[in-house]
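Taking it in order: structure first as structure tokens, then the write-up.
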Amino acid sequence: MNAAGAVGPAAVAAQVAAVVAGAPLLAGLMRQVRARLEGRAGPGIAQPWRDLRKLMRKEPITPVGTGPAFRTAPLLLVASTAVVAALMPLASTATPAGVRSDLILVVALLALGTVALALAGLDTGTAFGGMGASREMTVAALVEPTILLAVFALSIPAGSTNLAAIVSGGIHDSARLASPAGLLATAALAVAVLAETGRLPVDNPATHLELTMVHEAMVLEYAGPDLALVELGAHMRLTVLLGLLASLAAPWGIATTASAAAVALGLVLFAVKVALLGAALAAAEVFWAKLRLFRIPELLAGSFLLALLAVTASYFLTGE
Amino acid sequence: MTHALTTALLTAPVAGPLLASAAYAARRRPARAAGGPAAWLGLLSPLTILLCGAALAVTVPAHGAATAYGRMLRADALSVWMLLAIGAVATLACAASPGYLAREDADPPTVRRYHVLVHAFLAAMSAAVLAANLGVLWTAIEATTILTAFLVGHRRTRACVEAAWKYVVICSAGIALAFLGTVLLYYAARQAGISEASALDWPALAARADRLDPAVVRLGTGLVVLGFGAKAGLAPLHAWLPDAYGQAPAPVAALMSGVLSSVAFTGLLRYKVIADAALGSGYTRVLLAGLALLTLALAAALLLGQRDHQRMLAYSSMEHMALIALGAAVGTPLAAVAVLLHILGHGLAKTVAFCASGHIVRLRGTSRIGRVRGLLAEAPALGTAFALAVIALLGLPPFALFAAELGLARAGFAAGPYCAAALAAALALVLTSFAALGIRTARMLLGPPPGGRPPVRLGAVAGLPLAAGLLGCAALGTATGPLTRLLTAAAAIIGGH
Amino acid sequence: MNDAVYTQLLDLACGAFLLAAVVVLWLRQLASIVRVFALQGVALAAVAALLGTYDRRWEVLAVATGIGVLRAGLLPLLMRRALTALAPAPGHPYEEDVSEARETEPLVNVAASLLSAALLTLLAYAVARPLVELNPTPATRALPVGLAVVLIGFFTLVTRRRALAQVVGFLLLDNGITATAFLAASGVPLIVELGVSFDVLLAVLVLRILTTRMRAAFGGTGLDDMRELSDR
Amino acid sequence: MNVIATATVTVAGLAAAAALAGAALPPRARAVTAGVCTAALGAAALAAGTAALGGRRWSASLPGLLPPAGIHLAVDALSGLFMAVGGAVVLAVAVYGIGYAAGHGPHGIASRGAQAVLPVFALALVLVPAAASVSTFLLLWETMALTSLLLVLAGHRAGSPARQAAVRAAGIWYAAMTHLGFVLLLAGLALFAAGAGGETFAALRAGAAGMPPLARGAVFTLVAAACASKAGAVPLHPWLPRAHPEAPGNVSALMSAAMVNLGVYGIVRTGFDLLGGGPRWWWLLVLGAGALSAVYGVLQAAVASDLKRLLSYSTSENLGLALVGVGAAGLFHATGNRAAASLALAAALLHIVNHAAFKALLFCAAGSVLRATGVRDLDRMGGLRARMPATTAFFAVAALGAVALPPGNGFFGEWLLLQSMIHGLAVPGVFTAIVLPLAVAVIALSAGLAAAVFVKALGVGFFARPRSAPAAEAAESPPTMLAGMGLLAAACAALALVPGLLGDGLSRAVAAAGLADGRPLTGGALGVRLDRLAASLSPLWVACALTAALAAVSALTRLTARRRRRGNARLWDCGGGAPTARMSYTATSFAEPLQRVFDDVLAPEQDVNVTPISESAYLVERVRYQRRVPDRIEHRLYRPFLDTVTGLGRASRRLASGSVHLYLGYGFFGLVALLLALAVGA
């Protein structure tokens, strides 16, 4: 096996490692940005990591009346997100996973984690678990058309749903990204990402008030290592989705060749891009309020419209 | 085939039942009201018809039409097919008769009168089928009206008298119109130079029909269609049907609905052959298709509001006769095959349905649909027989009516846009009838047994004819086997031009 | 007999034949109706006899005799006997009840009935045109009369409330057909004629028997009582 | 002798044997013998179908049967696909049915009649795709309809009066709608036969090109409407959510997994093979109906709380998706994009195969639950995973397929469908630019809602704690039922992991429909690659990656954790403390947000009844709250029509008033009208 052959698998491993290790840091960064903007000192960006370590040390707890679904959901959440991290061309398109990095598959794998958590929420048999699951699935169901339509819009210029192909197409032909279709699709995808990751204005990750909880209500019964996994999974999802957004909107720097240096550069740029995006999101969240649950469809309808416009625009601008 | 044998085969279907009728009339002292071996002697005459039909079914397609008594009686493939239908349905009906009479607790004179009339009725139908002369055909059909009038009024209740009166008055008036039509046709034939002896002779008329005056034939055929249509249950003179079928003894209702109406319709078909040769097929097509659609619409509308299961079956008969008429209107060879299959299939299925319906009336003491519930649970065999008969009548496989309706649809859509439109309308109406019939049957059959009584057994004597009828109908729908040649030959007579 | 006389006589007989049908519509007393019906039978027999004499076909004469016996004799006799059988027995509380003997209130009143008869006759003329044109002879020119009587008979059947009146209607219809047969083609073949007559006779017998049963079951022969069998 | 011929003859023989066994044997032996014979029938059909998918062909004609037309049979790869699916479903469900029937009394599905009819239904099911003439097709189609109707009615005397009434109503709806479909099909095919001048499929194929466009359009519309009704497509669907739930478990599995497919088969066979494709509007109709059914079906499923009703609406949804694929294929074909057309058709067919596997399993599992608890209402289930672990596992496997997420078996089909849409846009046309994005949105929305639906079904129905006594006392199903479900689960797994093995067969089936000029997709055990399009997917790889990641995460957690032993604790519930079962979320509450979001479409009816106590108007004694989500299409489209027809029937009773004068009057006016017409006409 030559050096070039080893770079690919190494890049995949590096991506996964970066996402796993960086996700809590991203969360910490965002909280820190928020705290500073709100005039607080903030716990520092490593706080999520400290929380996770603390939780991992606690006794694993199985609430009475829950079943295997409850226990496996956190594992599945982290595992599916890790697979997504491996699949996506975050740092390099020239990985062995690149040929399989199908955009639809990525979306589906992320949805798999959501479904697993929702089932876990129902498995507890508590009112909160059920409520969280119900709301989460409602939002997820409504987000789906937006995401897929945005995917559709982004795939048209590349003629493929392969992420690596889309990203390398974006690198070689930057005009695509600035086209109306590209912008509209990215905007639609951004809204969808907010909804998928449970950020404001769709859900408030910091709340524990019954009436406003969505994601938190679902995982209310988790404790100890299980909770750590759930938290880690949520952070990873955010990182991966922001990474996806970054890769699609600003693919510059992602390695297209199997060279170790390019991959390292790509990795650094990935961290920077995601950190910037996260900071921007955190800054924006300071000025947003959470929407009522039944106002969320309006937001999602708006993003759906953007995605639809993106598709038609991409048709009318490229289809001659 | 020797002349004597032919004569015998043509005579027996008329003479046999007549002899049986006479024998019953002569028997002064019926040992018991019903049952016993004597009751089963009644099966001899329908079996005679069936056997003669079978024998003729072998010879006629091979050697052409058989005649006897100087062309008074004539059996072509169509007659033989109808003879088979009469024989089959009559065998079932006569097999069901002893059971019916036993249940009615009829007194000996009534039983005797019943048998006398039923066998005479069979003779009249055979005569109508075998008559070569249109006048004789008419006489025989009018004779069936008179004979069945007493059978409809068999029980002498108010309802029976009412039904019989309506039956006789409406049918006689209708059939009188048919006679007027026949007279006009005779006039046209005489003016066309056909001799007095053969001016009403069907083969002669059919052969020389192109010489007849179109205007007179048009008028005559119109009257005949109205007249024989009354007997066949076609609008506008259809209204006697539910009353008569509802009040007649179940086996007689089966005979009337199963074969009498189609015998009358075959009579009509004979005239249609002449009219088509004289006028082209457009006139009878419009006339028959119009009446068929009208009848279908009436039957569907009345089925929708129906609350009585015997009347329901009567309206279903109207529906089927209308489909047969529609097939005749289409008139292609395929449609003719469908019509003949329909006639025989409907005869068998309707016989089973009416006999089962009779048992139901006996079981529940009423023919109101609303009063019958959970029949399948209460009387499994009877319920199944009724269900299967209705399934057959709804035109579902494997019964013959499915094959017939399939053939009709194919033929109809192939016969030009107007036929296709008529057929589309007919299919819509049939769908309505289907739903109405289905809903009512479901109400009667389904559900738990009322009152938790133990299941009622039907018994072999009552069950056998029902099973035989259903089997026959299913077999006919699956394959015509040895009857195929006869079927083709008969279809050529009514649709072969 | 020369042609002019023959035509005159034939037209006279046909006129009487049609007139009798109209008079049946006019009358209310069932007994009178039966009497007029018998007269019509005579007219019919006369038509047949005239045709037979003119064509010198003696078998037609024989048929005419038979028809005369049946239509002017036997059938009216049967009906008269039915009528007496229906009348309340002496000493019966309703002895004075004449409803059984009268067609008190037909479905369509007498004036409208007569008007309808006129219209039906016109219709018969219109319809019979092709029949006449096929072979214009004095006999066929009278064909509309036969058709008109058929229509009037049917009309009587539809509008009369008494069982016996309805029977008369049916017989008018039948007379009309027989007349048509004679006028058009000097009658149908003998065997057919026999069969037809026999059937008509039987039909009337059946109706008579049913009338008796009706009276036993319903206490009268008013057809309006018979509405038990319906979908209502 | 040809494999297919042998298998087909075997199928017929086994059907006869099974029907006889069902009709004649005593109760105990009946179910076993008939079941084994039916299973063998399924296996034979599967063999025939597989052989046909492998490229073999067979045809036969029996002119003596079904006068006057005769029977014509022919099997090509397209027929083979549907035969194989039908056969496989029959095989597994028949095994399941042996145990299922044993749990019921002498009536119902275990009765003589039902056991005799079931094999005939199976026979018709697997032979419909083999029909090669109009008459044969109609005969088998109607036999299938009739036998399934009889089986739906099998439970007519069981349960409460309300349940009996529901069975009766279901039977009537089913009979009427299926006959409507039959009439449409009859009209369409008869018209086709008339136009093409022959009734065998070969003659139709030869004569179709010569027919005028209007006639072709009429034929297609009629046939497509009939087939769409069979496939449960909106708005011809009302029979489906009634009949499938009321049918016994094994029957609903057969109907929902195998029978509805034949609707799609009819459209594909007629539209592509026999008519040779057609203008865009045909396929827009199909696509529109498919999209409507997909969204409407899944929405109704989302708010349904009756498990079997939920599954039936989901059938409507999935067949809708297949119809979207068929419609898209037609659209691409009409615009000349043959590659995308064959891909879309392959996707539709694959989706049908997948749907058959998971829906049969879902209905079997639902049947097991119903048999064990007598409960169909999700609100009264719960906690079954403890009492019925195997059934729950099977349901979960199938549900994973139904939500179309990896590694389930539904994912690949929908992925393929989306791929065909994306690549279909490569060919210009304003039409496709508008239609395809909407179709993608519909697919996505239905996929998203399907996830909510099956999370609800699995989470509320099987997880948490029992919410009623029957659910708490449920017992696991007997081995034969589990074996049947195991077969289906194995099929689901195989389809999920190595769908590529179907690639050649699918290509042949698409070619048999007259679409492919190459092989739309190639693949083996490892993955699938699309012909001429840059897309590939390896479900096996995804499954392995997921498993590996799961193992890694699990191992890492165990390694880093301080304490390994899991402790038990009371449920916290935000401090509320161990809630009772009555406090847990029900299916109704789960669906409430979705129902509010789609309020305008679903138009739920609710009814609040407040009873104050007698002393005071302000104190409430009882509040009765009732909410139903009726099938709105049925209410708005069918009810008024049915009411009108019923009113017409009632009014028309006056036509038969009993007056002899009226009756004679009909004749008199008929005569006068005839004479007038003749007089005027002359």
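Think of it as A, B, C and D in the order they're written, each chain with its own count starting at 1.
The working rule: a residue touches a chain if its C-beta (ideal position, glycine included) is under 8 Å from a C-beta of that chain, and two chains touch if they have at least 3 such contacts.
For clarity, every value in this text was computed on a predicted model and none was experimentally measured.
Engineer: Any idea whether B-D or B-C has more C-beta pairs in contact?
Structural biologist: Most contacts of the two pairs: B-D.
Engineer: If you average the Cα atoms of chain A and of chain C to get two centres, how far apart are those centres in Å?
Structural biologist: About 99 Å, centre to centre.
Engineer: With chain centres defined as C-alpha means, what is the inter-centre distance between chain B and chain D in Å?
Structural biologist: The answer is 43 Å.
Engineer: Distance between chain A and chain B based on Cα centroids, please, to the nearest Å.
Structural biologist: 77
Engineer: For chain B and chain C, let me know how many angstrom lie between their CA-based centres, rounded off.
Structural biologist: Distance between chain centres: 31 Å.
Engineer: Residue numbers in chain C touching 2 or more other chains?
Structural biologist: 127, 130, 154, 157, 166, 223, 226, 228-229, 231, in rising order.
Engineer: Please set out, as single numbers or ranges, the residues of chain B touching at least two other chains.
Structural biologist: Residues 165-166, 169, 173, 177, 215, 219, 242, 302, 305-306 of chain B touch two or more partner chains.
Engineer: What parts of chain D, by residue number, touch at least two of the other chains?
Structural biologist: Residues 653, 655-656, 660, 664, 667, 671, 675, 678, 682 of chain D touch two or more partner chains.
Engineer: Can you list every touching chain pair?
Structural biologist: Chain pairs that touch: A-D, B-C, B-D, C-D.
Engineer: If we count contacts the way the header does, which residues on chain D are in touch with chain A in the complex?
Structural biologist: 302, 382-383, 385-386, 403-406, 411, 415, 418-419, 421-423, 425-426, 428, 433-434, 437-438, 440-445, 447-449, 451-452, 455-456, 458-460, 463-465, 533-538, 541-542, 545-546, 549-550, 552-554, 557, 560-574, 576, 578-579, 581, 583-586, 589-594, 596-597
Engineer: Over in the complex, which chain B residues touch chain D? Could you list them?
Structural biologist: Counting only chain B, the residues touching chain D are 165-166, 169-170, 173-174, 177, 215, 218-219, 222-223, 226, 230, 235-240, 242, 298, 301-306, 334, 337-338, 341, 374, 376-377, 384, 391, 394, 396-398, 402-403, 405-407, 409-410, 412-415, 420, 423-424, 427-428, 430-432, 434-436, 438-439, 442-443, 446-449, 476-481, 484, 487.
Engineer: So in the complex, which bits of chain C are touching chain D?
Structural biologist: Spelled out, the residues of chain C in touch with chain D are 107, 120, 123, 126-127, 129-130, 151, 154-155, 157-159, 161, 166, 223-224, 226-232.
Engineer: Name, in rising order, each residue of chain D that touches chain B in their complex.
Structural biologist: Against chain B, the touching part of chain D is residues 64-69, 107, 113, 134-135, 138-139, 142-143, 146, 153, 156-157, 164, 167-168, 171-172, 175-176, 179-180, 183, 186-187, 190-191, 193-194, 199, 645-646, 648-653, 655-656, 660, 662-664, 666-667, 669-671, 674-675, 678, 682.
Engineer: Which stretch or stretches of chain D touch chain C in the complex?
Structural biologist: Chain D reaches chain C through residues 653-661, 664-665, 667-668, 671-672, 675-676, 678-679, 682.
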